[in-house]
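Dropping the structures in below, format is structure tokens.
Presented sequentially are two complexes of subunit A, the first with subunit B as partner and the second with subunit C.
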Partner chain A sequence: MHQSILVFRNFRYLKWALSVAAVSILLYVVHEPEYGLPNGGTLLGYVLGTFGALLILWLMWFGIRKRRYGAGGAPVEDWLSAHIYLGLTLIVVATLHTGFQFGWNVHTLAYGLMMIVILSGVFGLFAYLRVPELMTNNRRGMTLVQMMREISDLDTACREAALSLGDEINRIVLKASQNTRIGGNIRRQLSGDDPECATSEASRAVRHLADHAPPSQAEGFRALMGLLARKEELLSRARRDVRYKALLDIWLFFHVPLSFALLGALIAHIVSVFFYW
Partner chain B sequence: MTERVKIAIVGSGPAGLSAAGRAAASGVSHVLLEQRDHISDTIYKYQKGKLVMATPDILPLRSELSFQIGIREEVLGNWEKQINGLKANIRYNSEVVAITGEKGNFTLKLSDGTTLNAEFVVFAIGLQGNIRLLGVPGQDREWVQYQLNDPDEYSDETIVVVGAGDAGIENALALTKQNTVVILNRGSEFARIKQGNLTAITAAIEKNQIECIYSADTVRVDDDGIVVKTPQGETKVKCDRIIARLGALPPRKFVESCGIKFPYSDPSSLPELSGQYESNVPGLYVIGALAGYPLIKQAMNQGYEVIEYIQGNQLKPADEPLLEQKFANIPGNRSVSEILAMLQESVPLLSGLTTLQLREFLLDSNVHAPRGGDVIFERNDYTNSFYSIVDGGVNIQIDPEDETKVVSLGQGEFFGEMGLLSGRRRTATVMASKPSLLIETPRRSMIKLINSVEAVKRVMDEVAVGRQIQTYIAPGIPLQDLQDLIRTVKVEKFEQGAVLFREGEAGDCLYLIQRGSVTVSREVSGKEAVISYVAAGNYVGEMALISNAPRSATIRAAVAVEALRLDGVPFQALMGRNEAVRRTIEARYRGRMLENIETTEQPEAGGIIQFLIEQGLGEATDVLLIDEALCVRCDNCEKACAETHQGTSRLNREAGPTYQTIHVPTSCRHCEHPHCMVDCPPDALRRNANGEVYITDSCIGCGNCERNCPYGVIHMAAKPPKKPGLLQWLLFGRGPGPGQAVSGKWGPDSNKEGGAPKPKKAVKCDMCKDVLGGPACVRACPTGAALRVEPSEFFRVVSQGL
Partner chain C sequence: MEILISYLTRRQKGGVSRRTEERSAEALHFGRSANAEVYLADPRIRFEHAVVHQRPGGLFIEVEKHSDVRVNGQPTSNRSVIVGDVIGIGPFDVTLVEPPEGKDIAIEVELVRPLGDDYGQLAARSTVRLEDYGLSRRRWSWAGITGILIFFLVFPLLYFNQHTESTADKTVGARFDAVWDSGPVSSPHQFISDQCNICHEKPFIQVMDSACLSCHAPITQHFDLARAELAVIPQFSNLPATTCNDCHREHNGGKSLSISTESFCTDCHAGIEKSLANTSVKNAGRFDQTHPQFRPNIVSDPASRMFTRVSLDDPAALTEKSGLKFPHDAHLKKDGVRGPNGKETLQCGSCHNLTRGAANFDPIGMEGDCERCHQLVFDPRRPDRTLPHGQANNAQMLIREFYSDYGLRGGINDVQEPATAATRRRPGEQAPVTTQRQSDPRAWADQQAQRVADMSFGKTMCGNCHEVSSGEGKGPLNWSVVPAVVNKAWLPRGRFDHSAHSDMLKCDSCHAAQNSKQASDVLLPKIAVCQNCHGGENASNKVQSTCITCHDFHLPGTPRMGNTKAWRKHTDGDAALRDTQTPVAGQK
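Then we have the complex of A and B:
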């Protein structure tokens, strides 16, 4: 029924991409530079370079197309599928354009930036293919907001359960409900975990105190521990959800700004080439 | 000494009063006989301060008395003053007990023993005679009443008002001031009431001042409340008092004793009258509610007109100019009354209507004059109007593969009823076969007519049964060959979840689903597992009849279902007689058998169908699903929706349930019988030919649809100002970017008109019917996770394996 973006339209854009790559390689093999080694300055070099630059502009246009919601023409899915495959082809086109000549200059900077952008895109693709299903399984039909609401309900229930268990327990439970965090900085979000989780700490402390509690409080402790365990479980799911969302989003923070950096470097590369000319 | 007058008017309601007023003004000798000691007893008994409506607004008033919308006391006071001013001859406390004689010499016997001579008699006695009772056990308990004089008598009670007509609604509204009120509506919408009441009751329901139970049939009255049956099952409404306002039956016995005939024996039938209100007894005239029209303004016009007619004056009825306009494209330059007579003569369905009902029906309808070959509607359109053929004929293309296979309908027949009944696509393309004259009636008016005139409902049902059998079971078989089968057909209704038949039972019939849809399930390791889904326009139960084996599966109503039950014996006989029918049915049987085996092999497919049915897809025509294995949670679908629809998204991606990886987001399903359409006062909710249910600009923002939608996909929103363009945002940072939430300066609340917030109107998914390339949500999904599907097609794909 449903197929991934890679299989989309029976690999139509993969076929396009392979054709482009094949033609480029073929030309590179048969092309004999008038003098010297293959490089960006030969006839083929210019052809591949122009094509590559136009391809970069077209690939970046995706960001605009995606936001043109009322636009006709091909659906966004077509655009994304083509964006992925033709973006990968750029590796072949641009590398052949360099004639494998690299150095510490603005030309290789543009090449390097391009490769980073492509790699970040590959990571994004990987995340897009892998994460959605993990996310659905982890959510078990709940939304993040529902999880938060349930966590907050459990907080209230914990505080009520703690009322009959003495001041120390009350202090621990209150602290847990005030200091528990979901998400945070990027590292915390990506880890999907909180090693200093206030609720886990409270849970450990309550378990410890339960061992020394009078039998009359056993029932109360059991109830509280159950609630805390349920909350811990929900917290870890919520944090995992945050992690998945972060994985789906984070690569764009590299992919998009670096694309613009690449655009700058590309302009510099082209302008400087014409100065040498 | 017996008094002698030219015209005796019986009853001093609006019709009789107006007649007496006209008689007095034109100097005709007359008497107005009223059995009570005051005028207009029906209105007199209206509750205190009741607003008397003056509908229909477009109809001009023609009477010596004035009348406009006002409270009961004002209206009655005015009439009394005016009728006295006209010096009309009124005799109170004069009940007529018998009328004998003939035109020119009638003798009226009054209850006080005196008699009266009159040349003509006008009956204007209304319908008050027999009030309809609940007709269920417990109907005569003392706290069940059929009238309400003063609503302020009651306070702090829970009162159930039965009947969603004007009287019931007015009582309910008046009682809410001091009581908790529940109103029971037998129908699924308020179909037969005045506009003013419609607006008031819908507003009260919206504000939770009144609870309304739709599709509610009363079952019995217990000690502590009333038991009602709804599509969701039986339930008891506890209450302190029941007020039943179910209308009244005409005081038919008396009228019949005077020789006036009624065409049908059914109790709501009306006397046969000429266009001049004269009955079959020459000299006896009937006007007002008894003549079939309960509106005050119309009754008053008739009172005036009947006096003119008796005096031999020709007069055009007040709605004449409106009808003349409607009939402008009927060739032949005929008068309205000629056209009306022609219509009734040529369309049997309309022959049971009184002239007045016919006039009202036509005021709502449109007259079309297609040329031969013109397409009336196309197969798979979602239009739901109803057509009657006045002249000419149409061809119905029954086989989509072969345009030459047609069924011809001629003058007097009707079509389009199947879409009306099933709420699904048109089953065939219909073309005019020659220059024709057609009347197109909108769904709402047709439902009203079916509900008001029993005879129309009966004809509709009978013909519809035959047509459905012809269309879905035995294509190409003439109706007369199907008579044996048709005679056994019963229309059966099933509530959601009810069982049509169970696996293992003996099979003696098959069901043709006329409305709604069903699931097919089988017992798999002790549990009932859904294996497929069958939509309206299909039949179930044929397998047991063919194989003479017990039922191989259980059939359950996925939503409220109306099905035709066809007896097995004549059905088997039909198959025996007719090779073609047998072959189609057996082919279907084999297909189903294979499908059953396939789905039993893949329990997960049944799980998905079951899940989707639980989400209400059984009544959907087009639904948005999200494959969560592909969804990257970018919300581009929501953003696209908001961007294409004035900044408000009509779908909520994250909300809604998920099964395996199939997610049903909160978004419109474009139901077969849209709940949102049920009571829209301005009739702003429409369905267009492609099936999209959308809201027109005439929305008044009442919020009924939002409340009636069981899926929570309609909300009220104001229109925010237009955002700056993409490049302006990109280059200069102006305004919110594409897909970004709007608030503050660009939000809907900032946009004040003269200090007041902009009015909120209902918004819902219109399937981007005006956007090139289809739904923006699907087009904007980068990974193909969002897809719109037609459930029956989707279920078929699912059961064949994912």
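Then we have the complex of A and C:
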């Protein structure tokens, strides 16, 4: 039985995460900085900072662990559930580590990168919870390749249907089959739409020409318009499919590289803090 | 005309298949039209694309407007063609070949540019994966981590090396380690905030006391570490190992590095009476709750300048023996006092002068404060002659000399003045002074001097304000004045800024001078008066005041701060400074 990664093991890792956050907050409230304001350099600051840094390394290890299919220990579902909840806990731990002191420096850079990584992860989580269902519904049992094969078949059929019609129609239909594309640049993939879709243009143009066509060609036009409509429908589903796939993927292009940028900033942060101790 | 049409199809494995048709027509039409002699089923072919006629001069091709027709590769419109020409019609090549017997024209038609694989082309046009659009997690990850490490670790490290060579180097771009700045430094240190290594002398070593002491060399201890009896308090034994930055944490902004935390002091001072059996220091906690009553340092014996600490809660012992007699109430009478120019009403500020910016009042003195009204004129007939203040013996001598002079020279219009002296002499005539004649003026002068001295010292002048005593041998005229000791600071270990309070309060808000009849009154408000406005560290409805609002940690008169190696390095050869120990004046 499939179980959402959030509910996994009856929220075991949520409980862990809440405990860690609660303990951190409690310590922060109780702790009186020896001297001066709360900051990363107090006793509690070092404790939270060390814990946060180790947590970051552990969270990044997930990227390696999930590729080790035969690895022993906890199943990867446990890792993912813990990755999500403890990753969110990092917001609390790291924010308290800062003592709410921010500035234009490598320390706040590390914090900012960490927050972006976490937020991108939250986006990914919601994408993984919501998108697969939408994707399944949209595909109706077809794969993207199957949709594209059918679109190609429709192109051939459209051209054949147009042969008996006027030159203008043929030009339009040929253009539609030769210029229609699915996806494209990142924005286009994410939008799931193509405002310059050649097939939509062709469909509009053909409808327009059909109004002025002689009755003898009515049958030919009807057939062509039917084919184009079917192609348009398939195209919009294929583009939605691309959009869903892009939504499932796009956050990782931020989550992973920024995690490594964060690792760099973390190293610089720790070295600099102790270099200028 | 009779036409032979051959449709050629090339096979994938090589070879050509040929399908021939024979037609008989007026002209040879090419197009998608079902009526065309050569039906070309391709959307790139027009409905009626081109026509080949037979004319008297030979074959002639007529091209429909805008149709794509090439003859031997050259785009063309209407023209004649001959056998051997290759006519390109859209994606088809039509070759005119030698017609066989009985035929007027023979052509071979071949689709040379087919539309191709629709799916393949669609897939080639489409980009359906983000990775296919140049996104790469691996590449970006490498770029991210290396970029950050170069800009935020390597460059600042390189700069650190440069920086040690030239501390004054403030050029833009050379300050890459600014990105390491963990927060603004306190305002007193702002001026060195861009020269990290002034404080951070060695990499990976915490800021050392030597850096602090290079500027703050004279800073003193909280107590003398040599006082072994203090070692019973655990915090005391830690102090020798304590470094400056254990307490003074930089890069938190603000105006000061000083610790204002109450607990920093109260950890020891809340229970210090228990920790130190014989201490005179009282337990002290939160200001508005467990701070002890003020115990001013008052003069207990002016002659020996002895001071004693007495609690304001002990009125019996609270008598300042300054050697002065001074009724504040008499001076502050609402209907005024006699002044040199008639009646005037005195204010506190008439005598107590608070120089702007100074924390405490200027010391009160005869000169400048009292003498405007209390002039030391001892003979009303000579208001220009006054006694020197603060010199009792000298003053008595002056009195005697004054009257001796009159006794000899005369001129003061006194019925008892000696006759000899009163006798007028003609100009130029030497006064005939004889021992006999002298005895009278001397007796008169002595009698006058003693009378005036008794009056001045005993009642009208000195004794009016000072404790005086008379008796044989106490002075030239048997008078002496107890030297006055004016207390400069009742609470020498507490800081109080009158300037900061004068904006809000009047003098009598705290000091009950209006009703004070004696100079021995200690006109210091009790702690409750302060507590009306000042609360503890976290007071919500009062001015938040911690220990260092009034007290210092580094106390004057204690040895120099620091017992670490770094400190020793700084103070070696400076033993006199280190061993300085000046107790608070006269304090028990």
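We take it that the second predicted complex is superposed on the first by the 276 of 277 C-alpha atoms of A that agree within 3 Å, B and C clash if a C-alpha of one lies under 4 Å from a C-alpha of the other, contacts with A are read in each partner's own complex, and residues count from 1 in each chain.
We adopt the following convention: a contact is a pair of C-beta atoms (placed from the backbone, for glycine too) under 8 Å apart; a residue touches a chain by one contact, two chains touch by 3 or more.
Computed from a prediction, not measured in an experiment: that's the story for all the values here.
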Three-chain arrangement built on subunit A, subunit B and subunit C clash or fit: fit
Touching partner for A:N185 - first (subunit B), second (subunit C), both, neither: second
Residues of subunit A touched, compared between subunit B and subunit C (which is higher): C
Touched partner set for A:P132, first subunit B, second subunit C, both or neither: first
Partner chain(s) touched by A:R67 [first = subunit B, second = subunit C, both, neither]: first
First (subunit B), second (subunit C), both or neither touched by A:E77: first
Touching partner for A:P195 - first (subunit B), second (subunit C), both, neither: neither
Superposed arrangement, angle subtended at the Cα centre of subunit A by subunit B and subunit C, nearest 10 degrees: 140
Subunit B versus subunit C as contact partner of A:K245, first or second or both or neither: both
Partner chain(s) touched by A:P215 [first = subunit B, second = subunit C, both, neither]: neither
Touching partner for A:A261 - first (subunit B), second (subunit C), both, neither: second
Shortest span in Å between Cα atoms of subunit B and of subunit C, once chain A is used as the common reference: 9
Interface residues of subunit A shared between complexes with subunit B and subunit C: 245
Residue ranges of subunit A in contact with subunit C within the complex: 32, 34-37, 39-41, 101, 103-107, 109, 144, 148-149, 151-153, 155-156, 159-160, 162-164, 166-167, 170-171, 173-174, 177-186, 189, 238, 242, 245-246, 249-250, 252-253, 256-261, 263-265, 267-268, 271-277
Complex contacts: residues of subunit B adjacent to subunit A: 627-634, 636, 639-640, 643-644, 654-655, 657-658, 661, 663, 726, 730, 737-739, 771-773, 776, 778-785, 787, 797-798, 802
Subunit B partner contacts - residues on subunit A that touch it in the complex: 1-5, 8, 64, 66-70, 72-73, 75-77, 79-80, 127-128, 131-133, 135-136, 139, 141, 143, 145, 245, 248
List of subunit C residues in touch with subunit A within their complex: 32, 34, 41-44, 46-47, 115, 117-119, 121-123, 125-131, 133, 135, 137, 140-149, 152-153, 156-157, 160, 177-184, 196, 200, 203-207, 246-249, 251-252, 254, 257, 259, 261, 263-264
